[in-house]
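All chains are identified by letter, namely A, B, C, D, E and F, in their written order; residue positions are counted from 1 within each chain.
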Amino acid sequence: MLHIAIGNLVSPMILFFVLGVLSGCIKSDLAIPDAISKGLSLYLMLAIGFKGGAELAASGAAGTVALSLSAALVLSFGLPVLAYALLRWLTSLDSVNAAAISAHYGSVSIVTFVAASGFLGDRGVPYEGYVVAMLAVMETPAIVSGLLLARMSRPDGAGAPRTPLLSREATREVLLSGSVVLIVGSLLIGWLTGKDGLAIMAPVIVDPFKAVLAVFLLDMGLQIGRRLGEFKAVGWPVVAFGLYMPVIGAAIGLLFANAIGLSAGGMTLVAVLAASASYIVVPAAMRHSLPKANPAIYVTLSLAVTFPFNLIVGIPLYYKVARMLAEMSGG
Amino acid sequence: MQLYRKKRIELVVETARAKAIIEMIDATGAKGYTVLQDVSGKGQRGIRDEAHLTGLFRNTMIIVIASEEVARQIVERSQVLLENYAGIVALSDVEVVRDEHF
Amino acid sequence: MQLYRKKRIELVVETARAKAIIEMIDATGAKGYTVLQDVSGKGQRGIRDEAHLTGLFRNTMIIVIASEEVARQIVERSQVLLENYAGIVALSDVEVVRDEHF
Amino acid sequence: MLHIAIGNLVSPMILFFVLGVLSGCIKSDLAIPDAISKGLSLYLMLAIGFKGGAELAASGAAGTVALSLSAALVLSFGLPVLAYALLRWLTSLDSVNAAAISAHYGSVSIVTFVAASGFLGDRGVPYEGYVVAMLAVMETPAIVSGLLLARMSRPDGAGAPRTPLLSREATREVLLSGSVVLIVGSLLIGWLTGKDGLAIMAPVIVDPFKAVLAVFLLDMGLQIGRRLGEFKAVGWPVVAFGLYMPVIGAAIGLLFANAIGLSAGGMTLVAVLAASASYIVVPAAMRHSLPKANPAIYVTLSLAVTFPFNLIVGIPLYYKVARMLAEMSGG
Amino acid sequence: MQLYRKKRIELVVETARAKAIIEMIDATGAKGYTVLQDVSGKGQRGIRDEAHLTGLFRNTMIIVIASEEVARQIVERSQVLLENYAGIVALSDVEVVRDEHF
Amino acid sequence: MLHIAIGNLVSPMILFFVLGVLSGCIKSDLAIPDAISKGLSLYLMLAIGFKGGAELAASGAAGTVALSLSAALVLSFGLPVLAYALLRWLTSLDSVNAAAISAHYGSVSIVTFVAASGFLGDRGVPYEGYVVAMLAVMETPAIVSGLLLARMSRPDGAGAPRTPLLSREATREVLLSGSVVLIVGSLLIGWLTGKDGLAIMAPVIVDPFKAVLAVFLLDMGLQIGRRLGEFKAVGWPVVAFGLYMPVIGAAIGLLFANAIGLSAGGMTLVAVLAASASYIVVPAAMRHSLPKANPAIYVTLSLAVTFPFNLIVGIPLYYKVARMLAEMSGG
């Protein structure tokens, strides 16, 4: 365990992340231009989507695909309810903020997923290509759960005129958000073009993948380092939630994945999906639909607490447990 | 050269709200507007800059030149739209040449 | 502190025309100007934004602070240069400290 | 034929283009930052120029080079005249708009050329390196033709004082436009440094070339998708012109290339040069020199009609015919 | 709708000096400001644009809306900070809705 | 010698640089977006730092490391004094401008170093990994020397109240400047992750390295070409300084490196460090701390005179001498 964690720690990915956090903390003027940063983020989505699709094509669509996607749906809808209950019980956050945060934990962090796939790749651990489809499925349902939780808990909810949960436009924006479209589209293209397509794309999306991820993590570190000061605004009970919620999510994710019969690699990734919190799609949706929730809280929690936790501690931990589960099932 | 007196409205609003504001401006019958993406700043809601990963902490600047009547409407309606959002609105006098543009 | 009254000219013009406008501004004897690249907006010629592949649908904002005399010239000459091109011009009053800069 | 067209269709390049168009249509917020997009476009020019130069150095400058460049000049000057006649005859466009459009069709689309070279590369079809020099030669002469056509048709043209066709400054801008300089410069550098130079540049300009092109086509798709609404402003007779003009251009290009004695690959590329329409250099020049022409028409036509047509239907079609011609000549 | 009269201060300064200017603005008690990075222009110190390798030849635009009193202070203190540096300052009148923001 | 210089001249790196300068001179609108340019510059720092660290790990930290770093410190502190004396003696610059310029020559140009490492790589010449650490060490001490020289020469320096040489904030900015943090950080990560880390990063930082450098040099050429007009403002005696100072610096660097016992490759790089002039970190520091010095002079001198000189003439020259020295020592 410790061995794996240390092996994980001395990877360039993690170390560049740490370098970023430190540089951000000490207010170095090191900064990656916005456009590059956005470009790298699109790269990671395209690459992970395409490779998932190509793997799916190679493996042949298994019968468990439908089951997996349903599980993804359940997780994304369900985890916010649990998160909301924990927040209301263990912290002093009001219902709107609790609902907004809870939506983040039903959704996923693409970079955490990408880092986990890199972690598995390093160790030669295979995973089911359609887990990438689960990623895409899990991005948005949690938003609906979060908004329902906010509405149900509103004192004036009963008598007020019924406005739609998500305005038509907000729904559009969420469903057609760039990351969803790019991941799903790349997955389909990878699946359609298969091995030949992968051969064409490989020099860009396979060989340099982990190095690009390292650079992106440097950038994320920089941004997180600069925001560390906002911890105070969040409060320790809420920070604690950002640490135990991923572990609980991962446990549930592992149970689901094990029940479906995924491999150790697949289980690890599902655990990561359940454990991670969105920091792009959901914050944008919450800012539109729950404007009273404080973005400084949910962004800081998702980005500066849960993301580093999953990246450094979570991934090796979930993998360790996934292997144990796989051995038990296999044995 | 004949000059016409108009109002210039300058809004700095959080980017998440820029679309709603622009739709409102269109709805008032203003004949045009100019948008400056990615402006940073400080105000009641603290420092706002291009924390690009989320984009939630960015500002957009919108400039409208319009008749006094339309300007007044834009200012008023913006107050409703900016409840719970970061944003400021300022009004000033300008002169323009081609009346029909504004 | 002595303040001097000047005119502020704000132009939003299609980027393809910005160079000609700036040369004209220089020619009027204005002592300076400020340029904001890549501004988007809407006006008589529809929505204009950064459709970067061609760059034809972009705007540039130019701000000049100058004496009333020079300002008037800039406004007038800009009308000629903007025939057939997207663009607006607005004039307002400002006060500055160092007279010699403007 | 159908086989090739389908083979072309399921390449990642085309599919990413389609993904882009669809995302643009449904107004997804998927967008590639401007700086990245510009960077990719420069990359493609540098890569195609350098590789052309290196191939030229490898093959030894053939005697047909001068002939080919002259043919390029004739095509670029001549095609606008044909285009103008067709537009005036078959559409209701006024002379200024017809002249402005015609200039685009004498010039070339670099990305279409690049995509065609990728298409040939996929199939292992070689082509003459100096076709890239033809590309560079064809970029700008068409502008002069277009402006001449506009002037000749002006009713007041006879009596008016003679202003220069292109102001001195406009000429400078056209001749020194970034794409001309970068392609010609890279061609020269590739030619000067030859095999050794290519070895140094290959990890960037050869291996990832097609994948980068795929990403760029995604971006072009996004931009085209967002502008599809402007079709209405263009009118169907003009849209039709955007579809038959490339076929006519390609036919003429094939005849020229066959007469010169190019290979099937070289013929395909010359056909693509003749068939494609500029969407960067010529629009900028027309906006300066023919301000009364409506840019929404010529940009939409070149970018949203002719470009996708060539990319999806044109390239495999021209290649098919080029192969037939080559077999006939070879036999 | 009640409008309050304020001053709008527009500064275009060389980017190397923007940080010091912003700190000064904060120190005067101004309640906010807006920053536009990467503005180019021309003035007494010649043409200034984004020669990015050094960044020394870039401008930043800063806009502050404040009370007359604070505005006057900002203008005065900026003169000291801009000695030896490129920069201009212009003052104009604006009206705002929410007095407490400025 | 001539042979090497010509070999150096026909490399894609140099030719793209020349293309850039020419395009800039003729005012072509060829331009690389700011964000890309900044991204490439960060890439070069990360790559050179990481590779230096990995090489250091591979070679095992030698006893000469401490000696080398001390030498770097002495060079960076000392060279400005020499530069200042020469400027005051041989040009008519006032003391503030002379001091500002002198600081640039004690510091280093990262891209010149990177180009030299590419030059050595082309020729299969190895160098000590810790020379990269010398690069990092030399970046900032020269700033202190330059400011001391400016203060000492101020007529009113004696009686005036003692203000700190560098304000606390200026010190922070210099020490934590992005390039220092990124190079040192990457060096450490390269050193910590060693061979495994390099395997992960290689597809991004090794294989495409020289091609990326070529593109970056194109960009630098563009920027230099556009500023060539500012030569007049600089004056010939000062331009001459920009040509002989690097040679003097290189000679001193070679003596130091030879005394320490570095290889021919290592000596070449130390010569380059001593010969080159900063164009990012030092100009920014001078603008803050010596506002009366004219930035047009020191930026033009460093970027448009010394940089091209070192790139084209200096690197092969220093290498030639380093080899001679190495043979003498070895024999």
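Here is the rule we use: contacts are C-beta pairs under 8 Å (C-beta built on N, C-alpha and C of every residue); 3 or more make two chains touch, one makes a residue touch a chain.
The shown structure was predicted, so the numbers you read here are calculated from the model rather than taken from an experiment.
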Intersection of contact partners for chain C and chain E: B
Mutual neighbours - chains that touch chain A and chain E alike: B, F
Remotest chain, chain F as reference, centres from CA atoms: B
Identity of the chain that, by mean CA position, is farthest from chain D: E
Rotation in the CA alignment of chain B with chain E, degrees, nearest 5: 120
Interface residue overlap between copies chain A and chain D, same or different (over half shared): different
Chain pair with more C-beta contacts, B-C versus E-F: B-C
Gap in Å, rounded to a whole number, between the CA centres of chain E and chain D: 46
Rounded Å distance, chain B centre to chain D centre (Cα mean): 41
Distance between chain centroids, defined by C-alpha means - chain C, chain D (Å): 35
Sites on chain D at which at least two other chains make contact: 33-36, 38
Residue list for chain C, restricted to those that touch at least two other chains: 36, 38, 92-93
Interchain contacts, given as pairs of chains that touch: A-B, A-D, A-F, B-C, B-E, C-D, C-E, D-F, E-F
Chain B partner contacts - residues on chain C that touch it in the complex: 10, 12, 36, 38-44, 59, 61, 72, 75-76, 79, 88-93
Chain A residues within the chain F interface of the complex: 10-13, 15-16, 19, 22-23, 26-36, 122, 207-208, 210-212, 214-215, 218
Chain F - residues contacting chain E, complex: 34, 37-38, 41, 220, 223, 226-227, 279-280, 283-284, 287-288, 291-292, 295-296, 299, 303
Chain B - residues contacting chain C, complex: 1, 3, 6, 8, 26, 31-37, 65, 92-98, 101-102
Residue ranges of chain D touching chain F (in the complex, touch as defined): 33-36, 38-39, 42, 46, 50, 172-173, 176-178, 181-182, 185-186, 188-189, 192-193, 197, 200-205
